[in-house]
Each structure stands twice: as C-alpha cells, then as structure tokens.
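What follows is a single structure, written as structure tokens, with notes after it.
To keep things simple, chains are lettered A, B, C and D as they appear, and every chain counts its residues starting from 1.
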C-alpha cells in the first residue's frame, strides 16, 4: 500500500470534502450501545443537533442525544449551572441508567471544569445514575479518538475490580468492540461465541440497541445495549477479547480489573482469522465447533471460490476509520485484491497502525482522489460522502463505514465471522459484477 | 392489476425474448433437492447440456444432470436400450439413491414408452434405486408444469400410505415446496418451523443441497436434500403444508397418504401472512412464539416503516413463474406499491391463479415491455434475461426468480418469513433508493 | 370545523400535558403553548426566542447552522469555509439538498465541504495564519470561485482570532469578496440569530448600490428566502417568469454572489421565508426604498392568492397575465385535488418545523381536506406567531420550541394522522406508529413550492399516510 | 520436459483410471484416450466422433447447439428462429457472448431470442402454418432484418413438417433469404454435425457467386471461424488490417448476411476454428478456387507464426508490413510475459473444450511457461486429433469426449494447477479445490485472440491460479 509521508500530509492548511467525523460523535456512539444510557454533548445546541442528524440518517433510529445548550453567557460565566440543569432534566425525563457527559470543542476551549461540576452534582443530588465524563474536543482526533475515550471512561467508571473472594464465572467472556463493529457485526461475534457454548458480555452492544427494532412500549430509543449489571459482571470473566485496536486499551483495562487474560483481535475478516478465533474459543470452552458453524464455514469456502475471479488483482481504494480500514483491507487482500490507497479518517498512528497508513489528520476525499489519479481503480469503498466524488471521477463505488445512507439495512450488515464474510463477499462481489456481462453495444 | 384477455395472448404466433423456461428443467429442479438423486433427461444430449448450463449459472454449483443421449437411430428404433444404458451407467457411477427419468419434447413426440422401459429395467436388474418417471414435454407448460409433475411423481413413488398401526410422530410437519422457494427460502421456513418446536420434513430441500457449500469428501454435487427415509417418514406426519399452488396437489397427496391434514400457504411474503402461519404452527405445537422470532418481527416492523415511503405508490412490473409472481406481488402490494403488469412464465390458470394474471403461454419480455409502454414504471423485477430489455427501455431493474446471474448469493437470499421479508425490503429498497439523492446537476 | 368547546378541550389537553412538570417549568412552558382563539387576539402569541433548557431533547440547531446551513450555504459560486474543528461542517454536509446548476468543483461548490479542521495547536496559537493560507490556496485551487465566506465555529469566538482582518487582507489579495461571519454556535438561542448574522454579513460585505451598469426593467424582482430544496426555487421562478416578471436575484438557493450584490436593482423584493431573510428586506427598504411583499407558494389557494397580491404591485399587463397563468394551471390543480382529497380528507396533521413552514403549509394541507391541528416552530419570533394566527383554524394548538415529551403527548392525545418535522424526530414517530414526513428536506422528495410542487406534496402526504404498513403495527402473539 | 519414462507413467495413469470400468467399456474408452509419443505417429489419433454413452455426464451438446449456438447465432442482422419448444432457445440464450456492433432490435438481433414456442397442438397438427405466420410477422416487426433462419429443434424432424417449402414461400414473400436448418438435436453425436449442417445451409441458401458488383483488391481476405467471443474478432481484425489486408467477410461473430453472401470475392480464406467452418472453406476452394489457410491467434508465438504464414500468401509489401506489426507489438508481449511468467512457470494445465481451443491455446500457455499436460475435445474428428499431435508436448494425455469421472481422475492424478473447460464443469473443479477457467466463454472476460487478447489471457490465468482462496481449502477443526 502506498502512503503519503507524514510531512506531505501535514502541509495542508485545509481539508476538502473531509472524511473525518469528530470526536464527540464517536463518544456518543459508545453510549448508544448501552442500556438506558443518554449521552449529553456539553456544548452549544448545534453540536448535538448535527451529530444527531448524522447518526439518525445512518441508523434510521431515534438517537437519544442531549445537550447542555450553552449560550454566550454560560460560556463566559461558567457552565456549571447548565450542567446541573441538563442533568436534572435528563434524569427526570429519560430516567437513564447512566449518562455520558461528553465535552466538545467549545467547552474544551473555554476550559470548563466539567469533572468538578459533575462531582458537585453528585454530592448535591445523591442517588442519581452514574455520570461518565468523556473528554472529546472536536479538535483532537476524530470519531475513533472520541470512541476510545468513551469506552475507556465507561470501563473505569462501571467495571469494578474483581474482589478477592469472587471466582470467575465459567465460560463467561468479555467482548469489547471498537467502532469498526456495527450492530450486525456485534451480533455475529456474539452468535459465534454463544455457538461455542460460552457466555458473551459485550461493550458496547449495538446489536440490541441500534439493530432497528420496534418493540412494545419502549419508544424512547433507550432500550437495548450493555447494562450496568453486565458491566459489573465483566470483572468475573477470565477472558476479555477486544476487537480492533481502538478498543485495545479498554480491553486491557477490563482484563486487569478482572485479573484475567486479554486478547486483541485485529480483525475477523478472513477465513483464517475466524478459524484462529474459534481455536481460541475452543481452548477456553473446551467444546467442539458446532455443526451450524461448520455449515457456515463450508458455505464461505464455496463462495470464496465462486467469487475469487472477481476479486483477483483488482485495485481498491479505501477511506474510513482506522479499525474499519484494517478490517476491510484484510478482507480484500484475503481475496487477492490489492488496496492501492487507504486514507484514514483518524490518526492511525495513535491506534498502533502507523506501519500501514499515512497520518489521518487531513484524510479527506480530495486526498483519496489525488492518490489514485493516474492509476486505474476498480472499486472505492468509503462512507456515503464518497459517492459523489467517486461518481465525479468515474470510479465504481460501494458505501461502507459510517455514515451510510445510500443503501438500506447497512447497520445490520456484517462483514466478520464466516457468515458475515460470506455476506460481504456477495455484497461486494455483486457490485464488482456490474462491470461484467454488459454487452459493449448496449 | 391489468391483464391481457386470453384471446389477445393467444393470437401471437411467436415469442420474443421469452421468459418461459421449459418443463424438463423444472422437473430436474425437484430432484436437485433430493439427497443423492440424479435426474436424467430422456432426450438428445443437448436437452441436458442446455438445462445444466442454466442451472449451473444460477446456482454456481455442479449440477448432476444425466441424459439418455438419444440419436437419430434410437429415436426411430426405440429408446429402450438407451434408457437401460443410461440407468446402468448412472447407477454404477453415481450410486444414486433415486433417479428421475424425465421425458422431453423429443421422446414425447416420438411416443416413447419410458414407463415400460423402466419397469422392464427393474425386473431385469432388481435391487436398484427407485426410478421415478416424470412426463415433462417441453411443449406443455413451462418450468412450473415440469416441477409440479416431478414433485407429484416423487410423492406417488416414495411416500407410502401410513399403515393402520403407525401413529403420527408428535410435532412432525411436512413442508412441500413449490418452485418459488429457493434454498434461502426453504431454510427460512424450516428455521421458523423448528423455532416453534416442531420437526420439519421438507420436499424438495434445496437448502441443504443447493445452498453452495464445500464440505468434506462429497464433491459430486449429490449430497444434501430430502432423503428417501425422510419421504418414507412423511406419512407419519399429522400436518402437511404446501407452499405455493404449484405444490398444492403434491401436498394434498402427501396428507392423504398420511391420513392427516393439509394446508396450502399461498405466500409468506407479508407480515400478516407470516403471523397467520405462526398461529397455525402454534395451534399444532401448542408452544409459544420464541424470543428469536419476536426479535425478527420487531426488526421487520421497524424496517417496514423505515422503507415505506420508497414503496408507497410505486409502479412495478413483474415477470416470472406463477408462484413467484404471487409471492412477489404480495410483498409489493403489502408495502403499498402497485403491480401494474405481471407476466406469467407458465399458464397461471393451470395453477389456480386465473383470477389474477393473463395466460402465460406467450409470456415474454416483449409482452412485458408492451404492457407498461405509455405508463411510467418504477421497477422491473424478473429473471436476469430481463436486464437487457429493461436497460434498453430505461426501467430500473432488479433480478429475481430463475435464472439470476447478475448478482451473487441469490440462491441463498430469502424473501419469506419475518427475516426473509426484512432482507427483501433492504434489497429492493436499496435498489429503489438509487433514484433518490442524486443531485440533478451531477 | 372547530368551536368554543373545542378550544376548551384543547386547553385542557395542554394543561394535562404540562402537569408532569414541576411548578416552575410548568409555568414557563405554559407561556410557550397556546390554543388559537379568534376571540382572543393574543392566543397565538406564545413566548418565543428564548433559551432552551439544557438537557431537554430540543431539536434546535445553532447560529452556525443558521448561517452556513441555511442562508450562505446555497450561494453556489462562493466557497464557504467551516472555520474551526471538522465536525460542524461534516455533520451538516449535504443535509439540506439545496439544488443548483453548475459544474461541481469548478463553478459551483455547494455540495463540497471545506474546513480548516482545527487541531489543538490552532486553538492554542490561533487560526488566523492558517485561515489566510487556506483562502489563498482555495482561490488558487478553484480560480472560478466568486468569493469566500468564513463561517465561524464555536472556538473562534473564544480564542480572540481577528477573522475580519484576515477577510480584508485576503479579499484585497484575491480581488474577490471574503466575508467573515461571526456565527459561532453559542451565539443566540437557536439557528435564528445565525440567519440575522448572515443577513448582516451580506449587507456589510457584499451588497452593492442601485447603480449597476445594466438596464433594469419595470418588472425586476428579487426572490428572497427560497433555498431551492429539492428544486423549490425552480418551480417558483417558473411562475414569476410566466407572470411576466424578471427575476434578477435569487436568495439564496441556486444563487450567486453577483445576484446578491446586484439585488438593489429590483423594484420589489418577494420574500418567502420571512424568518431567515426579513432583515435584509427591511434593510433594502430603508436604504434603497425597495418595497417587499411576503408570499406563500404552498398549495393552489395560497399560490393564487400570493400571485394576485404580487401582481397588484404591477401594471394591468402583469395582472392579466397572472390570471392567464392561474387559469392554465387550474386543471392540473383540480386533478391533483380530485385524486388525493378523497384519500386525505379529515386527516389531522401536527407540525414542528423551522422558518415559514409551520404556517405556510397549512393552506396546502387544507386544499387536500386535511386539518393542521397543532403547529409550532423551532426558532420563531413574535412576528412569526402573529403571522401564524392569521393562518390557523380555531382551536389549533401552537407551541414554541416544544420538548420531545410535549410533542409525543400531543401526537397521541390529538389522534394525529401525520407528523411533519425533521429527520431527528422521524423515527421517534415511526416507533409510535405515526406517519411522518420530513418537512425540512421534503424527505428526499420535492419540489413542494409552486404549481409543479403541489402534486408532489399531495402524493407524498398520501404515500405517507396511506401506506399499509401502519395497519400492521401491533403484536399478535402473547409474550 | 518429458521423457519416455514419462510416457509410460502417463499410460499407467490412464490404465488405472480405466480399471473401474467393466471390460467392454474399458476397451471402448481406452480407444478414446492416448498419450502423445513422438515415436508413434498414431498416439494422438484417438477414437472420436462417436456416440456418447447414455447416462454418462458428457458435456456435449447437440446439432441445434452447433448451428444456432455457434455458426448461425452470431450473424447479427438475421433473425434466428428457434423452431420448436421454448427450452432450447431459452437455455442457450446469450451464453456465448458473441459481441456485435449495431442497434439491438433494429439492425442487430444477436442477444434477442425468437421462438415458435411449440405447444402440444403444434406437435399434433404441425407447425408450418405457424412458422409462415411468424416469419411474416417478424419481417413486419423488424423490417431492417436481412434474413431469417429456421433452427429446427427435435420435434420438427419427427412430425414431418416441410420447413424447406415454408422457407421458399416466405423468402419470396419478404424478398430476403429464409434459411431452413435441419439441426434437430438428435442428429449426429454432438454439436459437430450442427456445424456441418449450418455450413451446408449457408452454402445452399446464402452463398453468392464471385460476380459481385464491387471492386475487389488483391488483399481481400475472409476471416472464417471467429465468433467474436468477448471481442475476439475485433482483436483479430485489427491485426489483419495492420498487415495491410482487407477483410471482406467475418464468419460469423459480428458478421452480416451480406458478408456471408459476398465471401467468394476473397482471395484467401483465413480459418481459425477449423472444426466448425472447414466445410465451407473446402466448398469455396472447390467451387471458386479460393485457397484457405489455418491460423492460431493465441499467444505471441503462434500469432507471429500465423501472421508470417498468412503474409507468405501475399507480396513483399504485405510481408514487410507484417514484420513491422510484429515488431511494434513485441514490447507489449515481452512485458506481459515478464510480468506473468514468474507467477505461472511450470503450472500444469488440463483442457477439455470444443472447437480449436484444446490445441490452439497450448502455445499461449507455453508462452507463459505453463504446460498443457492433458487435453481433449468434446466433439472433435480425426483431423482435429492429427492437428493436435503437432502442438502437444511429449507424454500429454489426449482424450475424446471424456466422462466427468475420467476428468476428475486425471485432474487429481496429474497434480493439475488449472483446468480449462465449460461452465457446466466449473464448480465440480472448484469443489476439488482446483483453479478453473471457462474456456468457451472466457469466463465473462476476453478478448483472448490476437495481441490485445494475450495480456487479458495471461492476467486471467494468473488471477485464477494465484488467488489466495485456494490455499484455504481445508477444514481446521475435528468433526
């Protein structure tokens, strides 16, 4: 894979058609995967309104995202009162189990003491739900940076160290997910773990909160996701897996609290990566790979061969969050394609990916175009914003990552595990196939 | 829905770009869903070669389809020797559990006595696998006609009447599928039945034979599907369901042999049709609708609302086999779309659909085009042959039915049940969405 | 349709909804919610344009949204820099569907996104140098741009950057307008102040004089406050042109910098979205003596009324031509009503939108036999509520900046058939089993303005309400 | 590469594979399988063109496939009626990818499908009347067609229809050729007889005389037996034109009725697919004295050899030009070989195809360093095997109409790296974990002919063999 040298990237004073999402949105995403959690963006109303807009279009779900609605005066005179009011109102209306208080560029620039305000609130109104403060200034990193800050803050706040007398619960396994895992992916991993006879505990668990369901009663969009009691029980697990490097430190922290073992899984997007993961689970669980998984594997192998000629040697351009890039690159390379350019929407070095991709401070679509100009590209995969640029430059496009609004059911799609990869191959292969079979004179 | 009067249709002396597949292929399809079954087309080599070609492209699987390889002499002098040799060779090489001997236009025109030959073969070489003769002249009906003949012949040959002392097996349910159900659909129905605590027996069962898997050892494409012992056990089921009218008579016959009850399910392509089916299963099984089904239903409802504006009031043209038309029409109409023209690839009257669609003798793409000319159409759904005509006439196209070769994974797709319909909505909705969001000046 | 009793009933509903609040909040919110009463002139004049309470799920945006997202963004041949961190520009990117003609990246930049992507060092050391460099680079990369605007995000206002100085300096360098807009998100209580700030920035940095070297005609008009969402302005222009008027400027959907600058040549300003653009109309009236007239192009009743009102500013020729245009479209309007009215008659609508829509669309719904039984604004002012009073039926509930809770309560207590609001609310109402249309972006459809827009509007309302899916929202099995 | 020992080894493998058969079958099949031996002239002359045994999974087609599918189908401006039941035309529809220029449904009909869709009553009462009506209708519906052919399906030959009479009558009516083709599927042992019948029908119903009112040139040639699969003929034409030749007719990919009729003007017939078109070349040689020469346009070695051979029929000008063309393409050919040969060197190939490919592609594989270790035909004759003997390396296994069993055995016993055959076989080999390319239709790729085709061919073989998926075909867990 090609890469700009960091020097090249840093020179740019502007970003055109950027892919980078900002940190508060990433932090909010973690709380959307927690049961009865409400994330509050500590900033002006617009911060919450805009982030809510993007998340709503992607998930096609109500997004419970609050705001401290700062105004000129509160910014100048201090925001403690706004924090108090926001917490008061949120607790009375939504009755949340946990609240995420997420800073923004505004409050980080003004140097607001949000921790102090939250502590004081707890003192003055005891008995309320835990309030997890996450620092996510828009000007530091992107979605992944905010996501990581949030998942680590949640672990610190909600996963207690395992007590000396408390044994591990046999077969219970913690799964800490990075932002590359949508609801469909989380579901797939949980299903795999459960199929191996183990008990999965996921953080965050978008598969039950943001999976798009219309249940009885609960209309506020707060139902589903990891509960506080799930988090409390995480310290009773002997094994913790984290998925994607963005979740690695959180996974390590959980394992440290449980005094158990931690394994980071960079991706589950190739057949052998899934095989290896199942081997790990086998060693933990001691059982057998069940028939259902074997059927999925047989189907995956068959499809890999059915589609291999479509992927062999094609040149792909990717743009997205670092974890997603790692996963998607593995899937393409595993099928014989080459990734000729990858642009990260957040700084890959900060997540341990420095060997592969250029710095992502300025990762934008303009860069994406610049990289492949002069070389033929068979497919461009990025979030839906890429569609317009891809169309303009004549490159076949397929949306992936976040936000995606040009296809339906995307949050439920999986690309990991035997079944996820099997579906991914059909999805991507069908897109690639559109280049075939068209008669030249038609 | 509009329809040509039968008179109009009958006037045509020619068929241009026909959708009709011929009967022997339909008959072969049934045997492809039976374990270690080999269908043999009794005709010239080309019959088998062509049908094999079509089925291979659709399923992307080896298709075990034999031929009696008739030549000029054998046609004139009688084909008994060819039948004997074909059976000899097939039994020696493939070691099948059951053979389908399917006539073609050639042998039906020449008046060959294939029953006689098969009986004589059985007498002269006792102990071989059952040979089920199916009459499927190419000049009588289409794929559905051949399919029906085959599934009925299989029931007659392989499902014995229930003996007086033999009780029904509690919870065992027979599922007789028409040609509207691909491997993914059959799997979905079996999963539903199993989730309700019942024991499904399917005929044919493409979900384990034509699902595209690469297992150990068995490379001949004969593994998976309904076994002879499954068929034998079918007479011990108190309930038989048939899916689609093409399978209705076979279902009735199975139920008669089991001295049980039969219900025909026209389609499972709307939420309420699936609800009704589950109610029926509840009455049989007496259990509860499990949580997994509720989750699927909640997701389906949610998606219906997410996509309803895409479907509301759109005008759709369909072309395909009668059962498939019934299913697909139900799905579209259930979502508020209107089917402005439907062209049947086989005579719908012959399957009890006369109230809805015009005679299908001449159902072809030319007709499909003729019907919607002058009125705007938002989507055309038919087998892949429709793509070219749709492109020529500027109508958005989505492939469905058989054969489909312009998308991957199609045999595994489902459109029935909560989950199948949920997936179908994303598939079709995403296609409809491509009309949205394109800026006029881009 | 309604009656005194009905007014009482509605007041009772409002009271019931508010009882859950603590006393202080209840009193405060009561001021924001009224029930229209022809006997009581002040019944619709609810409290407005005050700060939302922190922690409520308001759907309001911020000043940046009002400037970049609404007023400035659609000006197609200028480059609009989201100055500050990446999120604001990213999240609002292409969510308003302001259509335009032109070649993207060459003559038009509407659907592109430019940001200075502030990093920590920019916050610490200031962003003026970066901004200067960026403007120079942009002008080099896109030489056909006709101007550059600086849309300030929150940190800019805190770190003491002097973007006005940068604007003056770079404008001289590139020889084109560079417009600094102080639309930091924390200013004001909603996007509304952003509109005002943006209007003022056009006034101060762009607007020209009446002495424009082009021959005017007596029929020159400017269209103000049509953002061409889904092609709205194109339907609008068609009507004015057919009436015989010459549209010299379009503010701001599909509009250009030159049109903005040359607007003072207009003989009459036609304003559709009063809330977001009244400031500039008042300014032009004061400074140049250009009169302005409000119009409403939703639904045939209001379209015809508006056309005749506008024509009355001109001579007989225009007035006669206007009648001909009305007559020509009559059959199409009738056909639309005949087709959809039987399917929509009596359906009850609840609205919560911004700008002009909560009052302007009422006529269009009524043309289809529907009733708007509750309506309100995200960010309206006193004058909006005054105007609303003239449009609503008796006993309509009117709310200002309602909370999600209030809306959900009204929706269920008023037996609503259709909710019209924004994307952020859409799925909440879906979960309640309530048909919903996005009334900011027309839910990816449009246009809704003018004669061409009404059949689209009617079809969309029909497809939302009459889709069979709504009948299936129940669970048949016992848990 | 090979040696006498190797020949022995191969013979042993053949014997082992055949042992499972009963004696009679074993003897019969042994005649169909040889091992090439330079010492033994007859070693490749295996038994051929005899009936396949019923019940074996032969991949052969029928006479209809040979006529409609191969020879006639690509003639683009004629309408080809599949006369009989619907299946034959339906199943063969657009499976050969014969590319063409022209407007579909107006001037070209290749990718449309026309059938008389026989019903029971047609079988009972005969189809001549229907056929007559159909031809009249087609000519009315598609007035720019240049002729109509009647491709007989099985029942036609049994029910005593007189399609020749219909052809004569309707041809007079529409004033265009109507060609009856007696290619019923039961005739002959494979598609091969269909080629012959189709050739004869062109001879008898279409071919004109040498007296054509157009000035010929000394460089007029006809290209015979290129079906333009994936654009093959276009790559071919390019070379002949660059050599200075004038191609007056193309048989039959992208070809027209007029080209067929005017072929006798050619000074030389260039034949690529000998099997399907040799009949017409021999006829033109006899009747008009037109010489013919076979050529092979797969891979640079054979392309160059063929170009020089063809040039030798012409004057110095052509010969010099030919050398220039060869020289011009040399760098591209070298670059292709340098890129792919290291990835493909020593890979073992097994082929089973029809027509010319089992021998013609050997040179192309060898250009890439690959070995064709087993090859054979679906429907070849004696003369094909004679020609094959000249192309294969020592100890190559050669089989005629092999069964699926035989092929699978050879594939595993010969440690094959790549199988080239048809779509019907493709997935069988996938299940065996063996890379596979469809060598009838180029697996939706192409062209493979000529200089332009070789890089495509090389890339395709590389992507098939070197895809990482093949390494993963194993099951890691215990059952």
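In this text, a contact is a pair of C-beta atoms (placed from the backbone, for glycine too) under 8 Å apart; a residue touches a chain by one contact, two chains touch by 3 or more.
Remember, predicted model here, so these are calculated numbers, not experimental data.
Visitor: Let me spell it out: compute each chain's centre from its C-alpha atoms, then which one is farthest from subunit D's centre?
Guide: So the farthest one, by centre of C-alpha atoms, is C.
Visitor: Per the centroid of Cα atoms for each chain, what is the distance between subunit A and subunit D, given in Å?
Guide: 53
Visitor: Taking each chain's centre as the mean of its CA atoms, how far is subunit A from subunit B in angstrom?
Guide: Each chain reduced to its C-alpha mean, subunit A and subunit B end up 41 Å apart.
Visitor: Which integer distance in Å separates the CA centroid of subunit B from that of subunit D?
Guide: It comes to 34 Å between the two C-alpha centres.
Visitor: So which bits of subunit B are touching at least two other chains?
Guide: As it turns out, subunit B has residues touching two or more other chains at 60, 214, 301-302, 305-306, 388, 392, 437, 439, 442.
Visitor: Listing for subunit C: what residues touch at least two other chains?
Guide: As it turns out, subunit C has residues touching two or more other chains at 104, 111, 427, 430-431, 473, 475, 479.
Visitor: Could you draw the chains as nodes, link the ones that touch, and say if you get a line, ring, star, complete or other?
Guide: Contact pattern: none of line, ring, star or complete.
Visitor: By the document's touch rule, what are all the touching chain pairs in this structure?
Guide: So, checking each combination of chains, I get A-B, A-C, A-D, B-C, B-D as the touching pairs.
Visitor: Taking the complex as given, what residues does subunit A use to touch subunit B?
Guide: 60, 211-215, 295, 298-299, 301-303, 305-307, 388, 391-392, 405-409, 412, 422-423, 425-426, 429-430, 433-434, 437, 439, 442
Visitor: Show which residues of subunit D lie in contact with subunit B when the two form their complex.
Guide: The touching residues are 22, 51-65, 81, 84-95, 104-105, 111-120, 122-123, 130, 133-134, 137-138, 153-155, 158-159, 184-191, 403, 405, 408, 422-424, 426-428, 430-432, 473, 475, 479.
Visitor: Quick one: which bits of subunit C touch subunit B in the complex? Just the residue numbers, please.
Guide: Where subunit C meets subunit B, its residues are 97, 99-104, 108, 111, 231, 427, 430-431, 443-444, 459-460, 462-464, 466-470, 472-473, 475-479.
Visitor: For the complex, give me every residue of subunit B touching subunit D.
Guide: Against subunit D, the touching part of subunit B is residues 13-18, 20-25, 40, 43-47, 49-54, 56-57, 60-72, 74-75, 82-83, 85-90, 92-93, 104-106, 108-110, 137-140, 142, 214, 216, 219-221, 361-362, 385, 388, 392.
Visitor: Report the residues of subunit A in contact with subunit D in the complex, numbered from low to high.
Guide: Residue positions touching the partner: 271-272, 275, 278-279, 282, 288-289, 294, 297, 301-302, 304-306, 308-309, 311-313, 333-336, 436-437, 439-442.
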